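Shared chain: chain A. Partners: chain B in the first complex, chain C in the second.
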Partner chain A sequence: MAYAGFLIRRLLQAIPVIFGVTFIVFWLIHLVPGDPARTALGLHATPAAIAKLHQEWGLDSSLPAQYLNYLGRLVTGNLGTSLRYQESAGTLILERLPVTLWLIVYSTVLVAIFAVPLALLAASRPGALRDRLVSIISVAGLGIPGFWLGLILIQYFAIEARVLPAAGFGSGFTGHLESMFLPSLTIAIGIIPMVVRSLRAEVLRTADLDFVVTARSKGLSERRIRWRHVLRNALPPSVTILMVNVGFLIGSTIVVELVFSLGGIGSLMINAINGRDFPLVQAVTLFFAFMVIFTNILGDLLQALLDPRLEAR
Partner chain B sequence: MSVLTSESGAEGRDLLVVRDLRLGVGEGEGSFEPVVGAALRADRGEVVGVVGESGSGKSLMLRAIAGLLPPGVDYRGGEVTVGGIDVPHAKPADLHRLRGETVGMIFQEPMTALNPTMRIGTQIAEAARAHRDLGRGEAKARAIDLLGRMGFTEPARQYRLYPHELSGGMRQRVVIAIALAGEPALLLCDEPTTALDATVTMRVLDLIVGLVSDLDIGVVLVTHDLGVAARICDRIVVMYAGRMLEEGPADKVLRRPRHPYTLALLRAVPTRETTIEELRAIPGTPPVPQEQLPGCPFAPRCEFAEDACLREVRTVAIEDGRTTACRRHEVLAKMVEGAGV
Partner chain C sequence: MSDGALNPSAELPRARRAAVGRSLGGAVRKRIGANASLTLGCVIFGTMLLIAALASVIAPFNPDTQDIPHALTAPGVEGHLLGTDQLGRDVLSRLLYGARIDIFIACGSVLFPFAIGLIVGMLAGYRGGWVDSVLVGIIDIVFAFPALVLLVALVFVLGPGIGTIVIAITLTDWVSYAQLSRTSSRREGTQEYILAARTGGIPTRRILFRHVLPNIIVQPIVLATSDALLIIIAITTLGFLGLGVPPPAPDWGTMISEAQPYLNVQWWLAVAPGVAIIITGLGLSLIGDGLAAKLDVR
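Showing the complex of A and B:
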């Protein structure tokens, strides 16, 4: 497949980025002034405990040696050991991965479900009432802070109407689907406006292109022209916007997990920061960075799948 | 202003009749009419050329025939009838029958006329399915057959190509295949070879001429290239400023023009016989459609014009089933017969 080559090329291009990320994450712990071991263990730590950590983290060797050592550990899949949980950071992340993945995928799907019809509706009559309504709703969606929106949604759907759970991950596929709806919607509402705006503009631009006149000259139905010709060609740029936002979205999972009491990687991050659990902060940061790189590659791949002209590049 | 269509007896059987067509742009203050009194007839088995400088309303007239006017342009008067369909007043069902099934359309820019994200075969097959109750397999077979007829050497494999994988000439063949997929009676070609180089132009023109006899369809070919018009057209319509100035058999119109504008167009074309001294650009500039004059639109640039030309313009029938909008056509005729063009 041509796509395999494309994917390999993108992965190779990601290698320098990955190195940069590991370097920054490695530096995190040295950014805080003073002895990292003391910073991590706090003022009341015993000299013995500090010496032990010095040894564990190899803090007595030179910085380049420490970095190489760190890289070596990463290559073997060792993300470090959490000070607080006394468990491998990798295991902690894996345990909470399903919640965060659900949030990311679910909200991405919700964005697509809402953004496409809204954009088509707005573009069907530029400047008309429906177009202005969509843009008003979009501006509102952009302006609402995620945590506040989350609380409002809990108030109306979970506490008053009692149709959806207020917190937790739920169990089983349909359980997750129900429980994760409000948190995912909270995230989606922050992203929908940007995707709607880009898709609406792109649909209007595409509708004026020559091949749409060709499509019309064939005697196709307006419905087929709209979906198969206009939307199909308007989609690729908006997919890029969507995937860039999924990168940002990973950050907003932290707030949403807190509001909806979800034990995902976002809340793991908060615990780690509060507990000055440096190895865990490092591991989660690295994980988030990898997720962003991964979604970008996925975005490029989707782009290539949607636009045959990119395949050759 | 009146427009006479020639009383050749072919009336009523004509596949395409455009009479006194007026098209308007916009409303109120800035409104103008880029097409005023265009006329055209075409029948099965003939190629009718429409020539004229760019901006004379050729493309708009073609799009008006196919019911494909761009947004903001509308019918203001006159008649467009294709295969019995009254286009300006057509209902959605008639428009569906008109587009693809009665009229196929070929565009100037093959690079942009095709959907870049759809395989060329699918684009042809969907045109075939729009009008006939074909299964996927049947439509595909029809598309492959059309590709073969358009000169694709391995149609079954090339069916799967995307437009960007083809040259301009091959893309134009795909556009032609799309236009033919619904088996239309009339093919409208809007400068189909302007974007192509000379050898490809010849092949595409030969292909179109072949279709006329093979499929017994009518062709309207818009071009600003008189060489192209001379090569394949049976009849020629000369357009200027949204109006028909002269119409008649191609060889007659091009050899013995009965309108000064046609003469001016011919003089501006370099041929093997003309010398540099004879080659002349048309003086002045074409009128902008926003400023309509009551008389002949060409009069301000015309060496034959007299005062009356600026006041009134009428289209009259002359010999050989020709028509001209020039009141001084007899003066012109004497000059042309005397000197040759």
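Showing the complex of A and C:
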């Protein structure tokens, strides 16, 4: 029951954010210098075509009316119509959603696989060589640009060593697993340093708490203390750490999808930009923001499951 | 630069330590009480800044001069230390000028969000009430966007150019500083010395800038160093996506993007600018790490 209440509170909290996000996305078109319809259609557009687009986008009415109109469209699930594809932006996005979702989930899994052991290793003896090594790796890893790393990984693992595919989504579960490994790894490497740092600090903080001293005085093995007691209590904060980075993770999909020629939402955004397809850029931006909001709610719920004390807040 | 920069001076014999005190690294360390990461980071980033400042002096060629017959030459041929690109432009010169452009934009793009976020956050946190609630709302809304997505969308609608990149980064990034300084300024506002200053009738403006600001500025400064790293990556990413500084101005991201078709044979075309980004990033990352350790900020 308490959990349901927590869920409802959390959803209500998201409402003003959702309104704000839709307003910013709506506002984007008004940031275009000059006439957005003319910019979108190019120099050789006929006045009739521009007027038609004006009417379609409702650019001739007042700003509040335009925004209400935009909200009204969104409520019915209409994200706008792409100029270039002449198709509903929502359909275009949904068609490409599986690729992007795969990328996001796969890279999150890779982050967990690498970051948790590294953080535990570093925290097992603070200040020792292993801690220093992990810290050096994370400091150096922070500065690697994802698009460059992707190109280098393709060159070595796909073109020269030929062990993994260079591009594409693959087919079937194992096919996806294989094809999406390098792109997901590229994203994961960008995030692992931040997660390792925060998780290491969290493990060290937990390891200092009284219950760990109690566990040790009861004669539990260090191994058991570390995995069952310390890690368990460091988990809820690490979910927060992942949530903080989820925006970064979702943003990385744009670049990585471009580098690895994946037909996801990120590359749809780049296509839309190259085609000066304003409605599609708006739709994708809005969709990405909704993804972050949704993941954050999911993260809070997961956290409340892991640590029931949080429900009370 | 001296060996003292890497070794904690406590391990050195006394005589050597005195010598280190007179060396460059020692002098820097003495002045700011730096640790190894901070010193190394400053040396690396300082070198990059120097390269950026002196690009016109040290670059062997004009970075924009095309020489199609000598396109894609290997490193070392005819004085082109890093070879030439697909238009026959000298890669090393473009790399050096690229440092100027990318680091210059990055510095501007850190300064504006830092100043705006710091002041807005401080005012809202200190004042509280509806101003604070509105700020928190705005922060939540901007944070709901993946930073890169919002950045790309903003640069797209504003049109390419150095100015728009700085504006777009400022619009997306100021909230991190605002959030940080809001929290600290709220906490600081309840301290007794602030209450004492208020009851003493000191004007709010003076309290904020003389008492609150000096006490909350450390964390944003540490954030700015790690933020500068993310901003350099963001700028080069924009360049890679074709939304960066308009050509022919050299930018590391654009250089990598242009080098893609030649990765198989002329791999250095893509590797060199990538390494430049990583080295700059490493310097900033070390400075951030060292500052955080020195100032005890997590």
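The definition used in the following text is that the second predicted complex is superposed on the first by the 312 of 313 C-alpha atoms of A that agree within 3 Å, B and C clash if a C-alpha of one lies under 4 Å from a C-alpha of the other, contacts with A are read in each partner's own complex, and residues count from 1 in each chain.
Here, contacts are C-beta pairs under 8 Å (C-beta built on N, C-alpha and C of every residue); 3 or more make two chains touch, one makes a residue touch a chain.
If you're wondering where the values come from, they're calculated on a predicted model, not measured in any experiment.
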Chain A as common anchor, with chain B and chain C clashing or fitting: fit
First, second, both or neither for A:185, with chain B first and chain C second: neither
First, second, both or neither for A:40, with chain B first and chain C second: neither
Partner chain(s) touched by A:233 [first = chain B, second = chain C, both, neither]: first
Touched partner set for A:281, first chain B, second chain C, both or neither: second
Partner touching more residues of chain A, whether chain B or chain C: C
Which superposed partner A:269 touches (first chain B, second chain C, both, neither): second
Touching partner for A:215 - first (chain B), second (chain C), both, neither: first
Partner chain(s) touched by A:304 [first = chain B, second = chain C, both, neither]: neither
Minimum C-alpha spacing, chains overlaid - chain B and chain C, in Å: 15
Contact residues common to both interfaces of chain A (with chain B and with chain C): none
Of chain C, residues touching chain A in the complex: 37, 137-138, 140-150, 152-154, 156-159, 226, 229, 232-233, 236-237, 240-243, 253, 256-257, 260, 263-264, 267, 270-271, 273-274, 277-282, 284-286, 289, 298
Contact footprint of chain C on chain A as seen in their complex: 16-17, 20-21, 24, 28-29, 31-33, 135, 139-140, 142-148, 151-152, 154-155, 159, 201, 247-252, 254-255, 258, 269-270, 273-274, 278, 281-282, 284-285, 288-289, 292-293, 296
Complex contacts: residues of chain A adjacent to chain B: 209-211, 213-221, 224, 228-229, 232-233, 306-309
For the chain B and chain A complex, residues of the former touching the latter: 66, 68, 95-101, 103-105, 107, 109, 112-118, 126-127, 130-131, 162, 164, 175, 178-179, 181-182
